Structure formats: C-alpha cells, structure tokens
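Next come the structures, one after another.
Both of the next two complexes hold chain A, though its partner changes from chain B to chain C.
On to the complex of A and B.
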C-alpha cells in the first residue's frame, strides 16, 4: 500500500511537467487528449514572438549579472566568514543565511519602498539588485560548506614557499575552491532565472521570462505557453544539475581528503 | 651572540591581546644543528617557530637570519621553509608539482626544476612517486613529500612543526631515523618543534625546553637529563623521583637535606641555599640501588641517602622492570634492567633504596 503511495507521489510531482512537455509538442492547439501528432509548431511560434524573445534575453542578462555580482560578493563573504572565529562566526553565518527565510512578498515590498525612497527607477537594474539579494544567501551557504574544509595552512604553505598573497590565492586557494564557486554561480543564475515573486514588485517596463509567461497565461491559454515553459524549465534544470553536481563533487573530494587525513 | 649562529632572536615578546605567550626570548640557533623547541602545549614553542617563519609578527624584539634583520619580512621573503603539522600538501597538484612549487615561483628553467625535484624525491626515497596524487599517499609518504617540498628550496633553516604527530608509533620511529639521515646528507639547520620528549632526545643536538612562554633550560639531551635546573625540567625529560625536604646543613662542597626520617647528601652545585630552605631532590629511577632488607645489610655509614619501603607495584617491560616503592616520604619509582636469571622483587617485599650523593640533583624551583 505504501509502495503504491510512492508511485502516486511521484506521479503527482511529475505529471504536470510531463503533460506540459508533451503538449508543447502537440500538432494541434487542443490542450486535451487524444494526442493527435507531434510537431514543433509551438516552438516555431514562440521563437518568432518578440515579447518572448525580449524577455528571454532580459532573463539571461539579469541572470548573468546576478551570478557575476553574487559570485564576487558571496565569495568574499564566505572567505571572510571562514576566517572569523567561534561565536562571531556562528552569528554572522546565521545573519548571512537568514534572508532565505524571508517571504518573497516581504522582500519585494521592502525593496520597492527602498528603491522609491532613494529615487531609483524600476528597471532591469533594480531586478538585478533584488536578485543578488535573493541569491547571495544560497551562494554563501554553498561555498561556505566547502571552505570550512579548506585548510588555511595551505595558504601559509604557499607563502612559505615564496608566493605573494596574490600568488597564493591564484595558485592554491582558487584552484581548490574554484569549482565550488563555479557551481554556486550557476546555481545563482538558475535561481535568478526562475525568480517570480520579488521580480513582480521590482521590475519596470522590461520584464523577465517568468513574468512574460505569466502575462501570456492571463491573455489566453494558448499552446505556445507550453513551449515557453518547457524552454524555461529545460534551462533551469540543466543549470541546477550542472551547478549541483559541481558543488557535490567538490564537497565529496574535500570530505575524502579529510577522511584520509584522520586515517593516517 | 656568536657568529656561527644562523638564526638569532633578541628579546622576542609576543602578545595576543592581553595574553602574553612569549616573554623576552633570547636564543641563538647554530648553523647546521638540530635544535628542538620542546614543551607542553601552550608553552609558546609553535608561536616562536611561526615568528621565525614570518607567520606571526613580534610584539617586541628582533629576528635575524644569517645576520640580516628579517623582523619585518613576510614569509615569502625569508630564507626558511617549513614542514607543517598536517603537511599542508596541495591537494590539486601531484607530488612532482608540489615539490616544484617553490622553484616555479623562483622562475627556474623547466630542466633545472626537473633535476632538482628528482634529486629531492630520491633523497626522501620517493623516486617513482612524482605523478602520484596527494590523496594516494600514506601518512609517512606525505611526510616525505612535505620534507622534499621544503628542502628543495635549499632553505638556510628548515622549520618542522610537530611533523610526526600525525603518524603512528612505528612509522614515527622510522621517520626520526630518516630525519637524522636527511639532516646529515643536506647539512641544513633544523628547528624542530615537539611536545614529545622522546623525539626531542633522540633527534636533537640541543633542546630548548620552554614553559609558559619562557625558556626553562637549554642544553644537549644528556645535559638536560643529567642536570635539570628546575623541577619542571626534571619532570619533563624522562621519569624522575622528586623528594622534597629542607636544608639541614651546608658545607663547602656538600648540602645536607632532611628527607623523611633521614638525611640526604648532595654535592653543592653552586645553587645558593639557606638553612631550613625547602628544596627538592631529583633522582632518576635507574640511579637507585635497591636491596631486600635483611640481605647484604648496609654499614652504618650508608644510613644517609637511603629510604626504606615496601614494593607496591611491579611492571615488567621486557628488558626493564619498573617498581613503585612506597616509603614514608614519597612513593618512588625504581627501574632496573632485567637480570640474567630473571629474578625480580615481589610485591609486598620490604626493601631499602639508596643512591650515590652525585646521583641526586638539588633543585630550588
């Protein structure tokens, strides 16, 4: 009985995705069974829709900028946190991760207030700022868990062997934690690419892909929405997979090295 | 200080906030020697080494290496290299690249680097390991790579921070012998930090015993063992019996100390003592002579330097036997080499422990 429940659970989780994907390849505009044939017409249609293309482009730009800014700020924060000690580290660690628990609605309203008070017009810039705020905690947490296993004496060893602080960062620290940072950057990109609630509040005339799909839905339920959603879904899943794999692989390497350390 | 000193410390003091971990250390390290900084954890030995390496700045005082003041030089500009406690080998590089790290920074030619690295790997007996990854090495091998990585730079001084602490006992003894061999082959000055008195005694030309941020005593292992100048030193190096008593009389070459019911004679060693002053006598367990009471009874002249007691515990250690003897004054330890016929004292036997006056060291602190 419980085994049947697991099947039900998985079906519940993935049926909508499967159906939307299936119908995005449907040759007829009908959104109901029977399935009449396979075609790419909805993809062709969506790729000739300038609103869709513009918002896809906007999302890619915002995602890339968010990832870049988050990577710089987040890496510095994570590296700094690793050098703090004891209770201060715990407090700052919690503070850095805290915003994850804030509702998007709250963040959105708070940011709108902030932007209007400092007189910043809503645009892709405000969207990017909001997305950086939203992705930073995730980024820091992903990188921090790797840096905790980073042995600071490696940097000292590099200095001892004649490396300047910059050389020791470039030749030792970066190659070791770089893949983790890359993974976390991809994760931030994916998080930004999908973000909806905060974006609703802080976006101006230029909209991002999730907003466009939402407004297409409100006009009419048309099959090209399926195609748009599947494209968005594919991009997100692909990036989360790549990013997650990188982070996971790095942590496993670090844990392996540590286990070895204890053995000997 | 002498010109043969390669490293000299003048009044080195280090404070972390309100906590002073090194007090006014003066020390000269001689060219080519193995000098051990020995002491319990928290005595300042690691901080002192890190100051020489350049990882910590002094609060006061100066450090010179080969006569040049390096007090304000960063670690990458000091002619010293270090073997870290957990080796700190670079996990993203293979053995060859780890060893070549310092030479590449010095912009040596590829050919020269290859030659030097291979020579070094040969010295540490890892000729075939150049392409191994760090995580494929055993603890002992990682240790050798760490040594090679430091020594390939031909440092004026090699600093070793508890390098054997992470190894198990068998490999540790083997590595000690290896370190001695490598020291002989390279002629490099070694400064070795450890809390392990056995490592220090086996390896060192000289030991610097540290306690609470100060130097307690400096000397060869033999000097330190035979002539400890403080209770701390007597206790830290090897087993020892400490008998406390009071000075009962002095003459020009002998001090008399009342210990328990009797009196002990010790040669005056230049330490100024007052009548009635409380002092300690340090006597090594192997310096005692112990006999069963009733057999070979001593002449009255030997009533000095003697304690009577009961054998409380017997520990057989193969070539040696350790006894605890309970006396009215203290419980003392006695060690003898196993006799050829295998005869041993038994628990509960009444014995008399005596010692030659010059086997005891008079300590006032």
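On to the complex of A and C.
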C-alpha cells in the first residue's frame, strides 16, 4: 500500500517534466493530445536563436566559476569546521546555512543594495558572487558529514610517520574525501545553472539561461520554450547523473584497492 | 584566557576565507538593507535619513495586509502539503528500503529547473491545456475548468510540486537521525508499527519535521515568481511588491521595509506554530533524553 503511494509520488514529481519533454518533440505547435508526430523543429528553432545560445554559454561560464570558487571556499571551511568544537562550530554552522534559510528574494535585494553602494556594476561577476553565496551551504553540508566520518587520526598517523602537513593532506586526506568534493562541486555547478530568483536581481546585460526562458515565458506560451526547457533540465539532470556516477565509480575503485591490499 | 589548541587555531584559519565571504556578501548586505529601510527615495536616488515613513506606509495600507496574507497562505498550504505528502515517502525510504536508489531518483527530479516546472504546470492547467482538452475530448466536461490556472490552486499545486523533493530530503535526514535502538527496543516490547511510529519515531524526529515545515514555509511564502505567473490577479503576494520596488518602481527603502516586515511575519508564524504544537500536546517535551 505504502509502496504504491510512493510510486504515485514519484510519478507526480516526474509527470510534468515528462509531458514537456514529450511535447518538445511534437511536430505541430499544439500542446495537447492527440499527438501528431515526432519532429525536431523546435530544437532547430531554438538552436538558431542567438539570445538562447548566448545565455546558455553564460550559464555554463557562471556555473563553472561558481563551482570552482565554492569548491575552494567550501573545502577549506569543511576541513576547518571538523577541527572546531562546541559553540564556535555551531554558530559558524548556522551562519553558513543562512543563505539557504531565506527566500532568494531577500538575498537578491540585499545584494543589489550592496552592489549599488560599493559601485559594482551588475554583470556575470555579480551573478557569480550571488551563486557562490547560494551554493556554499549546500557544498559544506554535502562534504561535512564525510569529513566528520573521516578519522583525523589517519592524518596524525601519517604525520607520526614523518609526512609534512601538506604531504599528509595530499596522500591521505585528499584521496579519501576527494570523490565527495568532486560530487559536491558538480552539485554546485548544477545549482548555479538552475538558479533563477537571486539572478533576476543581480544580473546586468548578460543573461543566464533561466532568465532567457523566463522572458520567453512572459511573452507567450510558444512551443520552442519546450525545447529550451528540455535542454536546460537535460543539462542539469545530466550533470547530476554524471557526477553521481563518477563519485560512485571512484568509491568502488578505492574500496576495491583497499580490499586487494588487505588480501595480500 | 581560553586555551585554543593548535588544532582549533588551524580550524579557525581554514574557515576564515568563507567567513569573510559571508561577512561581506551576506551579513553586511543584510545590515545595509535594514539601514536602507529607514531612508527615503526620490527620483530613483537614495537619500540617507532616518524616517519610519516606509514602515508606516506599509502598515497603514490594507493592500499590504492582503498581499502578506496571500503570501502566508501560500507558505502554510505548501508547507502542510509538502510535509504531509513527503513524510510517508520518507518513512518508506528510511524503514522499508535498503540502499539509496529511490531516494536519489526523487532527488534528481529536484534538478529539473524551477522555471521549467512552473512552465509545465502552466501548460497543463490552462483552459487550452492538457487537462482541460483531454477532459473535453473524453466528453467528461463541456467547458474548460477555468479555475485550474491563474488561481491559488495553481500556485499552491506548483509550489508544492517544486518543494516536494527538498521536503523529502529534510524529512529523510530527520528520520535517519532517529536512533535505531529505540525503534528496535519498542518492537521488542511488542509495539505495533503504528505505535512505533507515533510513540517513538515521531517524537524523536519532531525537530526535523518542524524544520522541514518552516523551511518550506519560508521559501514558498517568499516566492514571487510562481504567484506572478500562475496566481492570477487575486494571487498577488508581498513578494511581488518587493521585487517590483527593486526592479522597476525604484523605491528601495519602501521595498526594504516591506521585506523586513515579511520577516517579522514569518517569525510570528514560527512562534505560533510551535506554540500550537505545544498546545495540541504534539511536542515531545522532555520525555526522552538524547
């Protein structure tokens, strides 16, 4: 009974996406049944739209930059949090989570306020800053539990055996938490790629993909939005799946190597 | 003086960069926004002053209360639906399956972009949309059901659909925090599944459920895109007003004041909610030590 409910739940979650995907291949502009035939015309149309292509490129650039910056900041933070105890750890943990607890609206207007006061023009740079702010809590949360699990005494053992701090980090810590960090980096990329609400406020003349889709939506319900949407969600979901597979595969390799070492 | 071990000093040094980042880009803007709410705006220029006019203007307009009430309604309905619908799924995932496949399947749907989901529902719910045309083709109705779109129904349905995976994530982590030993002990003492659920699991994940509820509430109450695209004329929320001030109308201090008033409203809802749970004897109190 419960199992049936859960599958209904999953179906409800995916149904609208499935419908949009279906109609993005529709040969006619109609968005209702009967289904008249398969065609790629809407994809051809959207790929010849320079605004779309530019914003897609911008989203990729912002996503990559966000992922890079968040990975550096977030990894340092997660490693640091594991070493702090008690109240400082809790306070900082709460602070780091702040940007997610508030609706994007508040973050957006606060950042707009800041940028105008310090005279920073709205551009892809401001968008990247906003995205780092938004993805950082997710990154830290994703990496933190893995790091807490990680036994600091392994690092101490390496130090006892004569390794420098840098060496012990490179040869002991990094291989163990590496896959998690890689996965979290891809998570940041995907979150930044989809981010819309804060971006609405802090973007300047260069738009990102969600913003383009939004302006298309506001004009009219037209079938090429379907194609644009499917491309957008295809990329996001694709990224997450690839990231997940990479993490899973690397973990399997690491576990396999360890098992072999124990056997010999 | 407190002795800070070398370990902790290293920790502080490591968190310093992101602390600085959060300070500059999160805390300072928030303070700036608060200060700005006491300023004035004239012809798109900000004038630093100290006036309560913005707050007074918001609090004395009936429209503001109406819009805020809409926002709170969106938030409450979405939060209730999300938590109620996701809890059984979370229970199933934590207690009835092994491995994370189903969990990841649901989480992946979260990455189908926010806007795409709004667009999808707009296509499905419209009077020329999928539901209406299919029902008419099947002969079940003779005229399209207008209220499906541009109504609170559409807004709440879409917001719930958007928040479900996130709610599930929070609930699953809340349920995973419940110590298995208590559950096993209860089973050993002969409790039925329902009894285990109501007397062991629910009290122990209470904080997590309240957290999931509040998170969903805050994000959906503050959402202004969904009501704008799907809510119709009567579905406007304060969020739309605030967004307009910062994007087109240009009266930032007024927008800032409204934003902080919204935060106060959220706080009131939180306190009232916890108090309500307390009154209904649903809060676990000090019944167990953890």
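Keep in mind that, in the parts below, the second predicted complex is superposed on the first by the 228 of 264 C-alpha atoms of A that agree within 3 Å, B and C clash if a C-alpha of one lies under 4 Å from a C-alpha of the other, contacts with A are read in each partner's own complex, and residues count from 1 in each chain.
In the analysis below, a residue touches a chain if its C-beta (ideal position, glycine included) is under 8 Å from a C-beta of that chain, and two chains touch if they have at least 3 such contacts.
These figures come from a predicted structure and were not determined experimentally.
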Which superposed partner A:40 touches (first chain B, second chain C, both, neither): neither
Contacts of A:91 with chain B and chain C, given as first, second, both or neither: neither
Which superposed partner A:11 touches (first chain B, second chain C, both, neither): neither
Partner chain in contact with A:136 - chain B first, chain C second, else both or neither: second
Chain touching more of chain A, residue-wise (chain B, chain C): C
Partner chain in contact with A:245 - chain B first, chain C second, else both or neither: neither
Partner chain(s) touched by A:53 [first = chain B, second = chain C, both, neither]: neither
Which of chain B and chain C A:175 touches, first, second, both or neither: first
First, second, both or neither for A:106, with chain B first and chain C second: second
Common interface positions of chain A, toward chain B and toward chain C: none
Of all residues in chain A, those that touch chain B in their complex: 151, 153-154, 156-164, 167, 171-172, 175-176, 253, 256-257, 260-261, 264
Footprint of chain A on chain B - complex, ascending: 53-55, 74-76, 80-82, 84-86, 88-92, 101-102, 105-106, 134-135, 138-139, 142, 149-150, 153, 166-167
Chain C - residues contacting chain A, complex: 7-8, 10-19, 21-22, 25-26, 28-30, 32-33, 36, 85-86, 88-89, 91-93, 96, 102, 104-106, 108-109, 111-124, 126, 128-130, 133-134, 137, 161, 164-165, 215, 218-219, 221-225, 229, 239, 242-243, 246-247, 252, 255-256, 259, 263
Complex contacts: residues of chain A adjacent to chain C: 2-3, 5-6, 9-10, 12-14, 16-17, 19-20, 23, 31-33, 72-74, 76-77, 79-85, 88, 92, 95-96, 98-99, 101-114, 117, 129, 132-133, 136, 140, 190, 193-194, 196-197, 200-201, 210, 213-214, 217-218, 221, 225, 229, 232-233, 236-237, 239-241, 244
